[in-house]
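One structure, as structure tokens, below. Some questions next.
Per-chain residue numbering starts at 1, and chain names A, B, C and D are given in the order in which the chains are listed.
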């Protein structure tokens, strides 16, 4: 199986403080990997290293054969091929939903405005929000905004998707509408790396689960193994806390 | 450039600076005092008072300081003369001072107003609840807290005022800039004296701003 | 007001007797004795110069100030320190000193041929105009810079992350994502600066550019109707300021994003 | 800033006999002086050698001494040996409003007495006679006003020369570009820095400014005098009592011959700040004025 994302011995420091310690893992094409762990464990930092939103000082990350840390790499081009969904949606509030969907296609991929709009509307339809095309982000609920954000990432025809706690800023009643979209995406064979606390989603959809704590990857195994018989004490504690909810 | 003439001119320049500082300090004191009254007026429930205060602020914020200075220097003594029937010499210093107080009060008033509004409503409520009068509430509870909060802003505005005092050049009051210009003209080195004036203003404003920033950080903790 | 003399004749006669002031609100319609102009023409010309100085300086200030403001938010420390130094310099020297430097000193620093062009080929009005515009533009740019920086820094970091993640270049991020939002946030403080540039343009009167204040003083001096002249100038500045405030309020409404910052 | 100093007690009691005896009868400026104990004299900053500032920022000059002679006279007439003299800097543009609004009581500088201004203020008997000419670099090729067509010229705002120049420009369609600088010092700076081909103002002022230039010999005063300018001291209108004191003081200077010493001091000897000599001999017009003092406006001379 060819690895879409390969993370080798990645370490990162903020000044003196080490946030990532020799992290190594990979995500195969079509694989869905869930990254979990207590807050401050470095999981968001790790996923942001994959598309170079965060720099790392040691190790290497290869995405679809391209080294992220290499100074010669065309980062905008690489990033445009990897979709990302954020905790706080990060739609552009001054642009309408349609423009939010089209702008990167036009400005980054060089598609025509018409083509980009058409594609955006198609994806908007897919996440069930076609009726809201003319609105502005501030006029939508959190769940709706996050679905638009997913559609926006998909509009770039990504080879992989990164999710950084996509549901943790949402009111509980809106979490499922977002998870449903993500599940559907996984079932269609999208390569996905998701930082999330939604263990139900992990159980249902993930191929593998990575557990991180204090900047280290503690567990990296199939979901059955992770939920069935976690090896580390910390993972057991984490699971017991999170599953009580 | 020949800067040799600057050293002997320093005592004269200091006289100019003394006038600038005198004008500055009096204008800040007067401006903050008047500004506070206007801010209280704007926040008053008395509609007429509130709109009069608002008009005052809008009026002085609409017209250039240079125009205000000329008004007070050239025209206001004329008006006084009509009122008293006698020539009423105000003199350049007093008329500039009054102009700055009136003008800056409009700006200080807005800072004080924001300061008062930033104090939680509960504070006034609590003070009224223990039987204080309006004057006591303002004097003892609201204003002391508000002034602590807005001291950096008031000081920042005072630094702007320090620079603005140079506009008295227009009426020939011998402040620091005008002294430097005039000395430069007489000595025949206008450029050197102008650069010197600029440097002095820069160093003093920059240092004062840095101090205000430090004060702000200390107050923020 | 031709009838004015009759309406308040007594009070006026008293005032005129007591202090030799000859009220004359008609003064603006009287000939100046220079060409065929009446005094009102001077005010119109002066107003024109005030607007011409303020608007052009504003456009330049906005452009330079935006670039500097962006520089202050860049990770590159050289750009940041340059912009900081600029702001420190232009904010801590009085406007009048800056004007004198631009008007009296800078032309002498130009190369010989440019000096001749600036001092002799250009009319003094044009060279004074250039000095004032450059001075006000650079002075105001420092203020605009601080506002733009504040506006950009007020935006959540996630916005630029999201744009980066979609492959935007840094220029594109500022152009399409950060600046459009930052400018909307800072319209009120920018309005203050915009109004200030009109008021500050009055310093031009001190280097002989015949803008509104200079024409007012000249009218006062030629006619001795100082009270009338200053009153008219005050009214013009007041009305101008209020109209611009209204206009900027409209601009703010027009640019307001639905669902955001008090929008509908 | 106003500086003040006390006149030495003048022990000429005899004068008080003929002077106004009590404050109650005083009017106008004299009343104000009596009440406030001070007289405010205006001065200029670069009207060399009439009224300008020396290296210590103190006013000096020909007209300034005349003003002080007036102040001395006032102190005698009002029997106020400790009369305080305040000083107030004025520009060409502010001097008339400041007289009118009571900020200053007397302005002896280089102010032309003309009909226009007489509507606003009163003048003492004349103290100087001159004419508007032009100051230019010897090498500029400018010989007379006609040569100024389409040129940059500077004058001082608020002077009679400014009006004359603006009117000439419009009437003769000379297409001059006129800069109105704030005061003589600034006008001269414009000329020296090459921004104006000529500085148009009264010739005597031009001669005075030449003494502070870096290289006095490179300048020339040229052109046909465009007007007769007779300077007078300005005071508030319709104040005959004060005007009489002012006129008497000046006439005394003329009668006693003190004026010749005063003239020589400022026009025929080295003067501050650079110690240059203007070498500006007394004109026959001024001699005539001194022989027969008058307060008639320039137009009627």
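Odds and ends about this structure:
What we mean here is this: a contact is a pair of C-beta atoms (placed from the backbone, for glycine too) under 8 Å apart; a residue touches a chain by one contact, two chains touch by 3 or more.
It should be emphasised that the depicted structure is a prediction, and the values quoted were computed from it without experimental measurement.
Touch-path distance (fewest steps) from chain C to chain D is 1. Taking each chain's centre as the mean of its C-alpha atoms, the one that lies farthest from the centre of chain B is A.
In this assembly, the C-alpha centroid of chain A lies 55 Å from the C-alpha centroid of chain B. In this assembly, the C-alpha centroid of chain A lies 49 Å from the C-alpha centroid of chain C.
Chain A and chain D have CA centres that are 84 Å apart.
The distance from the centre of chain B to the centre of chain D, each centre being the mean of the chain's C-alpha atoms, comes to 35 Å. The set of chain D residues that touch two or more partner chains comprises 97, 100, 189, 236.
Touching of two or more other chains is recorded for residues 19, 21, 104, 108, 206, 217, 220, 226 of chain C. The set of chain A residues that touch two or more partner chains is empty. Taken as a contact graph, with one node per protein chain and an edge wherever two chains touch, the assembly fits none of the named shapes, being neither a line, a ring, a star nor a complete graph.
Across the assembly, chains come into contact as A-C, B-C, B-D, C-D. Within the complex formed with chain D, the chain B residues making contact are 9, 12, 15, 19, 73-78, 80-81, 86-93, 95, 171-174, 179, 182-183, 185-188, 190.
Only residues 15, 18-19, 21, 88-89, 91-98, 100-101, 104-105, 108, 195, 199-203, 205-206, 213, 216-217, 220, 226-227, 230, 233-234, 237-238, 240-242 of chain C touch chain B when the two sit together in their complex.
Considering their complex, residues 93, 96-97, 100, 119-120, 152, 154, 157-158, 163, 166-167, 170, 177-182, 189-190, 193-197, 236-238 of chain D touch chain C. Interface of chain D with chain B (complex): residues 1-2, 28-29, 31-32, 36, 40, 45-46, 52-57, 86, 88-91, 94, 97-98, 100-105, 185-186, 189, 212-214, 236, 273-274. Taken in their complex, chain A has these residues touching chain C: 48, 51, 53, 76-84, 86-88, 90-94, 103-104, 107-109, 135-140, 149, 152-153, 156, 162.
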